[in-house]
Amino acid sequence: MDDGAELWAAVRLTVELAVVTTLVLLVIGTPIAWWLARSRAAWKEAVAAVVALPLVLPPTVLGFYALILLGPDGPGGWVAGLFGGRSLAFTFEGLVIGSVLYSLPFVVQPIRNAFESFGPRPLEVAATLRAGPRDAFWSVAVPLARPGFVTGAVLGFAHTVGEFGVVLMIGGGIPGETKVLSVAIYDYVETLQWTKAHMLAGGMLVFAFAVILGMLVLEKRLARRLR
Amino acid sequence: MTGCGRRRLGQTLLALLLLGAASVGWAAEARLAIAANFTAAAREIVAAFEAATGHRVVASFGSTGALYTQITQRAPYHVFLAADQVRPALAEREGLAVPGTRFTYATGRLVLFSREPDLVTGEATLRAGTFTKLAVANPITAPYGAAAVEVLRALGIYQTVERRLVLGTNIAQTYQFVETGNAELGLVAASQVAERAGGSRWLVPQSLHSVIAQDAVLLTIGAENPAAVAFLAFLRSGPARAVIARHGYAVAE
Amino acid sequence: MSGPSSIEVRLTGALGTFALAAEFEAPATGIVALVGPSGCGKTTILRCVAGLLRLHGSLRVRGEVWQDDARGIFLPPHARPIGYVFQEPSLFPHLSVRGNLEFGLRRVPSAERRLRLEDVADLLGVSGFLDRDPASLSGGQRQRVAIARALLASPRLLLMDEPLASLDRASKREILPYLEHLRATLDIPTLYVSHSPDEVARLADHLVSIGAGSVRASGPIAEMLTRMDLAREQGADAEAVVDATVTGHDAEFELTALAFSGGTFLVTRTAHPIGQRVRLRVLARDASLTLEHQTGTSILNIFPAVVDEVVTDGASQTVRLDVGGTPLLARITRKSGATLGIEPGRPVHVQVKAVALVD
């Protein structure tokens, strides 16, 4: 694989990983955020703390645990066994799992805040208008929490793109499969290939700037509409 | 007087000085920057050194690259034990280290290791290629990785196993791949498995790759520090070399 | 009264340090007002009826059991055929006015829908801004939309929790006529929480008086307002309401005649059509008593009455009168009472010098 192709593969892989991870995060993070926002269980903050742990743990530590989790001694190995493999590490699926773990707080927190921001009243109104809990969730809670979903999705996406430590730990740097952009940049920097590193890093900077700017604008617009 | 002789004289003088210092209860403190792969051996050597001389040692462990960056930023280390030869030489050239104090304290050995007891039988295991993942350190960034790729090329199997390689950023991570079983075998540092019982292993002959030499150097900041100077002397002594060998490194005769 | 046309509430429970034990039965017709000082538990009762809050006890509305702890029955709010108007309009900000109106409507099976969106929108005067955002409406407009939204859920019982409390004076005045209009045109039984005597006098048919977590009294409004134990607290502000019918207009003197069970009131001419039912409020201090029918007086509204009950309060007396079956209150001095020999059973004439038409 020549350099250009490898570079392009890293970009494509990164975007794929970020998209899939974000979708999975929304699917998993929404019910968690909903429960955290609505439950009156005394131990819910303990759950919230567990979700927030990746914020505290160094990526290499998290990556190490992910390695055990994905490997033959963990559930990942069992799942891989169903498909004739020995481990989910060094696979795209494994990267998705690692990225989901790592980015979970970035998605759960804004969605939880959004769910909490409008209080119980809109859901009470919905109930008195014959909407059952599931109906009210989709027709009222989710639309009202839209700014939180936007923030969560954007942060999850951006964080996955920029993620490095965990991916490094569980990816194995296989071109086209697990060698994402940040790892490629790292290699270029380590080997003093500054031009390529600058190109990629500059691209990521522009991308991150565009994403964050877009998020701020969109969030403001949504918030205005929901005021 | 030959250079060698002068050095020996210097050492003798230093040793006398140190003994004198120890006898009057005057002990110094040396701060060491040590490559992570040498951690286990270093702890033993430091303990022995402190017991023998009465000096105190503060050791920092890290990747060679990171430590070197700190040294260029005038971190207060007296001695640098690197995992390669490049950084100590660079330090010397940049005036960060005392010229003429650089020497190879250990030579890394590669071992093909698997945690499964019967998997590795020798060179044949690599040639048979019945594994799904072989972990090696990133050849671009890690000396052990470069050596591992040389081994695979020397055996003429690089092309066939290339797609099954998983790369650890450094040799520590590469070992984690193997130890957690995510890769069933890997080319790791012999020092990493020296104290580990079980599994299966094949010590790769040094003829299959270039030397993985680890150099030590006295840093300019430590030039006047008696403990630092004494430690480097101790590192070359018989007892220290025995420890180093026991931890899976080759030591120069 | 029990049965398909009544609301039966039996609730006990504690909310924090606040204990509630409420038990009452009210007719499921017209507007039933829950009145009492703030913090007495009115809203709690309403929320329990809606199912938003669960206390122990039972609830039966128009023959349907909504809650019966003894039998393990508790309908969740969305399964109760109610409409709920909160203190604040609480419109869904992500939906247009039309979207808000359709929210409940769409969730009612079409066979059970009793009102059309266009009709209700007209009734509450919101047709003009169906496609606007709730955020662009005034407070009064929003609350009208909220009321329309609740009505479109085709409730068998409408619940209103101080729907005017959060509005300024002008918005209140804007909405009250709509509420009166609803009461007159739609036959939806309503539980109406209020602590405003004014609203209650204008709207309610039945009163449930609540104090400190329990029901003090419950009954038709005319009876309740003139109950001496309750009227006494009001002192000079005590009042009675009289339901009357427009029977004629006098073009020459520009007066309107309003017949009630004890006679006919003459008031300044109104625009009401003949036959329209109206409500009058008579303050106790605007009514005076004479033993004979006075002729040489400027007062138009004089009716024969019988003294029902007398309560003395310092220098004043509050007298409840039976005016042909309609209770009225008169506030007189104790001296006048002694002079006229006012006591239960005594026939008198009541002179009403001022009367307010509610709508």
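In order of appearance the chains are A, B and C, and numbering begins at 1 in each one.
We take it that a residue touches a chain if its C-beta (ideal position, glycine included) is under 8 Å from a C-beta of that chain, and two chains touch if they have at least 3 such contacts.
Note that the structure is a prediction, hence the values are computed from the model and not measured.
Each chain's centre was taken as the mean of its CA atoms, and the one lying most distant from subunit A is C. Averaging the CA coordinates per chain and comparing them to the mean over all protein CA atoms picks out A as nearest.
Per-chain Cα centroids separate subunit B from subunit C by 91 Å.
Centroid to centroid, with C-alpha atoms defining each point, subunit A and subunit C lie 56 Å apart.
Subunit B has its Cα centroid 38 Å from the Cα centroid of subunit A.
For subunit C in complex with subunit A, the touching residues are 50-52, 76-78, 82-84, 86, 88, 90, 92-94, 103-104, 107-108, 133, 135, 149-150, 153, 159. Within the complex formed with subunit C, the residues of subunit A that make contact are 121-122, 124-133, 135-136, 139-140, 143-144, 146, 225-227. For subunit A in complex with subunit B, the touching residues are 64, 67-68, 70-73, 77, 85-87, 89-90, 168-170, 172-174, 186-187, 190-191.
Note for the complex: subunit B touches subunit A at residues 65, 132-133, 135, 138, 140-141, 165-169, 173, 176-177, 180-184.
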